[in-house]
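Going by the order they are written in, the chains are A, B, C and D; count residues from 1 in each one.
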Amino acid sequence: MLSVEVAGLKLENPVALASGILGSKKSSLVEIAKFAGAVVTKSVGIEKREGYKNPCVINQKCGVINAVGLASPGAKVFSEELKEISIKKPLIVSLFAPNPENFALLVDYFPFASAFELNLSCPHAKKLGMSIGVDEKAVESCVKAVKDATDKPVFAKLTPNVTDITKIGLAAEKGGADAVVAVNTLKAISIDIYSKKAVLSNIVGGISGKAIKSIALRCVWDLYEVLDIPIIGCGGISNWIDVLEFIMAGASFVQIGSAFYNSLRTIEGIVKSLEDYLYSKNERVKDLIGVAHGGV
Amino acid sequence: MLSVEVAGLKLENPVALASGILGSKKSSLVEIAKFAGAVVTKSVGIEKREGYKNPCVINQKCGVINAVGLASPGAKVFSEELKEISIKKPLIVSLFAPNPENFALLVDYFPFASAFELNLSCPHAKKLGMSIGVDEKAVESCVKAVKDATDKPVFAKLTPNVTDITKIGLAAEKGGADAVVAVNTLKAISIDIYSKKAVLSNIVGGISGKAIKSIALRCVWDLYEVLDIPIIGCGGISNWIDVLEFIMAGASFVQIGSAFYNSLRTIEGIVKSLEDYLYSKNERVKDLIGVAHGGV
Amino acid sequence: MEVYNLYCLSVKKVKKFNNIAIIEFDREIRGYPGQFIMLNVFGFEEIPLSLSSPKTITVKNVGKTTNRVVNTKEGDVFGIRGPFGRPFSYPDVEKIYLIAGGIGIAPLNYLYEYFKDEIEVIAIHGVKTKEELIYDYPEVATEDGSVGFRGNAVELFLKLADFKEEFRVYSCGPKPMLLSLYKIMKKLGKLESLEVSLENYMRCGIGLCGSCVTESGARVCRDGPTFKGTDVSEKDFI
Amino acid sequence: MEVYNLYCLSVKKVKKFNNIAIIEFDREIRGYPGQFIMLNVFGFEEIPLSLSSPKTITVKNVGKTTNRVVNTKEGDVFGIRGPFGRPFSYPDVEKIYLIAGGIGIAPLNYLYEYFKDEIEVIAIHGVKTKEELIYDYPEVATEDGSVGFRGNAVELFLKLADFKEEFRVYSCGPKPMLLSLYKIMKKLGKLESLEVSLENYMRCGIGLCGSCVTESGARVCRDGPTFKGTDVSEKDFI
C-alpha cells in the first residue's frame, strides 16, 4: 500500500529523511531509519569544511532559515562514521563538490551507499551547490560525471531559486539522472531590529519548513509536466496530507527535514496516518503519483 | 519620526497598502487611506478582464495563495470609480499591460494618480506581469515607455520568481524607474487530496503572507546592495517588527497586503506600534533605511 | 491566520421545490447562524452560500453553478471551505423578528432553529407567490396574495410589530427590501435593533480581494455578512 | 513551531572569579532549571549556555567567545534566543542530590534555588581546587583537598548518600564524572532516579542539524539536554 520503487530502489514507504537534517551521525540515521522509507545523509565534500559560525539556524513561526554552510568532516572521516551503519532502508549519500571531477571522485568513498544525491542547490555556500544548480550546462555535466563513475542511482537535488526549474530538471535528465529531488531551500534573510544586523553569521540563508510547502509543491507539479524521470518531493512537508499533495502533484516519494523539529519520530507518525488513510480508501501510493494532473 | 520621502512623494508613515488588496473600490481605499502612508490600487489594464473563476484565493496557515488573474473592469471604468476619490495620502495606480506601448497608453486614464506602479510580476496571468518581469530587456523598455509618458514617479514591481532579482532591478533602474517594489507573490500551488485536483481554478497561483517574508526581505537586501534608486518593500509584513526589518534591509517604505486578512485597520495598529517604538528609541525611519548593511 | 482547508461532504437528502432546493449533508458544518460557506462545485465555480441549518444549505437556481447545485442528487460530493464571516449577534432580548425576502430565508432559518426554543422568534417570509414558500412559517407574505398576507415581508412586519415592545430585527433579502426596512428603523430611531445580512459578489471570502466591499468600505465576507443597522448606511443597499 | 526570536538583554552585574563569571541580566529569562539559551555575542559566536538562575548565566572561559563573555562589563548587551531544551523533571520525592563537576554547577544552581525551600536539596560541587568554588554550598569536594572533601563530587556523594532512602540525583559535569555516576547508579538498579544534563557541540539548538546527537541517537538540544538515566547508555558519556 505504501511501497514505491524509484530507479530500482525499493522503499517500504514514501517518506524519507532529507539531507542535512540529523544526517551527520550514524546514531541518528539509525534511529530515523527505523521508520523512514529511506535516509539521506548530510551532504559531504572531499575536504573538511567548518561551515559557518553560529548562529547558523534560526527558526521562525513558519519556517527555518539555515546557513550551516555545508559543514562536513570530509569524505574520508564521514565514510568511516557511516561504513558500519546497519539499517534496513536505502541509504542515500548526498554529495557536494565544486565541479564534475570532484563529484565523481566522491563516489568511491561510499561503496555502501544505495544511491547518490547531488546537492546542486545549497543557496548559501559560495561556489558550491546553487551556483552550479542555476546553470543548465553545469548541472548536466555534474550528473553525467557521477553517472559515469557509478552504477548506482543518481539523484539531482534542484534549487527553487531559479526563473524556470523545468529547464534545470531537463538538464539533469539529459545528464542521465535517475530522478530529481525538488527542492532545496529558498534564499532568505532575517534581521534583528535591536542590534540592527542580519541574524545569521552568513547573512543570507535558505528557508525551509511550512513556508515553502506550496512553492516546492509547485516545482514538483511543473517538473512532472516535463520530465520522464521520477521526482522526489521535498520542502515544508509536515504531515500525511502534505505527503499526499506532493505525491498527487507528481512526486514518487518525499523527503522531510524541518518537521523533525517536532520529534525524532516525526516520520513514524506521518507514515501511520498515511497508512490509515490509504487503508480506508483502499488506495496505493504508487497509483496516486501525479493523479492531480488529470487525464491520461 | 515616521515620515519618508520617495521620488518626491511624501509619506506620513512608511506603511502603504499593496496592490490588489481591497484596492478595486473607492470606498475601501478611502477607509485604508485614513491610516496608511499611501495606497496602491488594484492593477488595471486597458480592457476589462474577468479574471479567473473561483476558487481564486486560498488561505493557509502561513500564507495566502491567489490566482485572481488580474480581474479588472478596464481603465475607463476604473478611472470613473476612482476619479472623485478624496484622500489625503498619495494614490499610486498600479498598471498591467502586455507591452510597453499599452503601458504608456494607460497613464492618461489616471490624471489624479500621485505615481504609477508597473506590475511586472503577477505570477499567474499569461503574457502579463511575470512573463515580462523575468526579462531584463522587457522590464527596461516598459519602464522607459511609462517614464516617457508621464512626469510622475514610476515604480517597477518585481517578481521574486527569478534566478537573480538584482539583474531585473538594475534593468528597471536603467529604464528610469524612480523606485522598485520588491516583491510580488511566489509561484505556488495547492492540491486537494480528496478530489485529487489542484484547488485553484487556474491551478497555479502566487503565495503571499508570512510564508514569503524572509524571502522578500532577502530580495530587498540584495537589491539595496546594487541599486541607487529607492526600494519599496513588500511581502509577508504583518507587524511593526517586520516593517523595521524591511527598512533596515534597505526599504524606504513598505506595502502590506495579506495582513489585511486580520482587519481593515491592520495598518493603524502597525503604525501606532512603530511610532511607540521609535519614540522610545528616539529614532527616525529615514535614518534606519539600510542600516543593517553596516559601514558606509 | 485561521485556515480554511477545503474538505468534502456528500449530500444525504435533497428537498426540491421548483427552482430552489434544501440540501442536507451527511455531516454537520460547525458554524453559527449568519455565517456562510464557500461551496466548491467541481467542474463549476466556488460560490458563497449561507448555512440554513448546521447540516443544510438552501439554494436558488439563478445561474450555471446554482443550477448544478439545485439539481444535485443524494451521494453527490461537494467541496467546502469555511464557515466564514461574522454570525448574527446574540439576541439579548426576549423577542426577535426575522424578516426574509425570497432566498434570504436561508441564513434566517438557521437563526430561527437556533433560538426558537429559547425566546420568541417571529419569522416572516415574503415571496412573490406561494410556490416559493419552502419552509412552514406561520407568517408569510406573498406579493400576489396567493397565500397569507398580500404584500411584502416588511409590510407584514409593520402590521405585526408593536414598537413599544423591546425586540430585535434580523433581515436578509433583496436590497430594495433591506433599504425600506433600514429607512423605517432609522426613522423610528431603532437602528441599533436592526441587523442585516448582505450578499455582495465574492471572490476570496477572506477579506483581501475587495470584490465584496460595500459603499461604506466594509468587507461583506469578513466584517459581515451580518451588519448592525448602525454600521451601514443607505448607499450600502443600492 | 515555537518561535525563538532573538532579543537583547543587558548586563546588570558581573561577579567574576578567575576564569569564571556569574553574569546577571537586567531582566528575567522565562525558563526552567535545566534549559539553556543561545547567547549571541555580537562579533563573536552564538553559544549555548545553561541558565544558572532566572536572571543569570555562569560561564567559564574556555575559548574565544567565552573569553569575551567572562570579561563582560555592566551595561554590555547580548542577544538571546531561547530558552531551549527539556528542563530537569519535577522531583516527586522529598530529597534530591545535585552532583556538579566544575562548570556543571550552572544548571544545577538554578535547580537548587528552585527547590531548596520546598524539599531537601543537597548540592555537591566538585572542583579541582578551591579557587573554582563560586557558589557557597556546604558540600564541596576539591581534588587537591584545598577545602572540603578531598576527591571528586561522585565520591563525596557516595559518602553522603543513604541508599535505603528515596531520593533523586541530578548531575552535570565532565563526561568521565557522569560515566562513573551512571555506572554506580546502574549497578544499584537506580537508573530511574538519575537525571543528567549533557553538553554536546551545538549548532542549531532546535533539533535539526544533528551536531549534538548522542551515540544513542538522541538530540541533546531538543530531546535533552537533561536525560533520564534510563534513556542514556554508557557510550553517551564517551
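For this structure, a couple of remarks:
To be clear about the criterion, a residue touches a chain if its C-beta (ideal position, glycine included) is under 8 Å from a C-beta of that chain, and two chains touch if they have at least 3 such contacts.
It should be emphasised that the depicted structure is a prediction, and the values quoted were computed from it without experimental measurement.
Summarising the inter-chain layout, the chain whose CA centre lies farthest from the centre of subunit C is D. Here the spacing of subunit A and subunit B, counted between their Cα centres, is 33 Å. Note on chain placement: the centre of subunit A and the centre of subunit C lie 50 Å apart, centres being C-alpha means. If you average the Cα atoms of subunit C and of subunit D, the two centres end up 63 Å apart.
With centres defined as mean CA coordinates, subunit C is found 36 Å away from subunit B.
Contacts with at least two other chains are made by residues 60-62, 197, 210 of subunit A.
Within subunit D, not a single residue touches two or more of the remaining chains.
In terms of which chains touch, the assembly is arranged as an unbranched chain of neighbours.
Pairs of chains that satisfy the touch definition comprise A-B, A-D, B-C.
Interface of subunit A with subunit B (complex): residues 60-63, 65, 134, 161-163, 186-191, 193, 196-198, 203-204, 207, 210-212, 214-215, 217-218, 221, 241, 244-245, 248-249, 288, 291-292, 294.
Taken in their complex, subunit D has these residues touching subunit A: 1-8, 38, 40, 42, 45-47, 77, 79, 81, 202-211, 213-219, 222-223. Residue ranges of subunit A in contact with subunit D, taken from their complex: 20-25, 27-28, 30-31, 42, 51, 53-62, 64, 66, 68, 71, 192, 194-195, 197, 199, 201, 209-210, 257-258, 260-262, 264.
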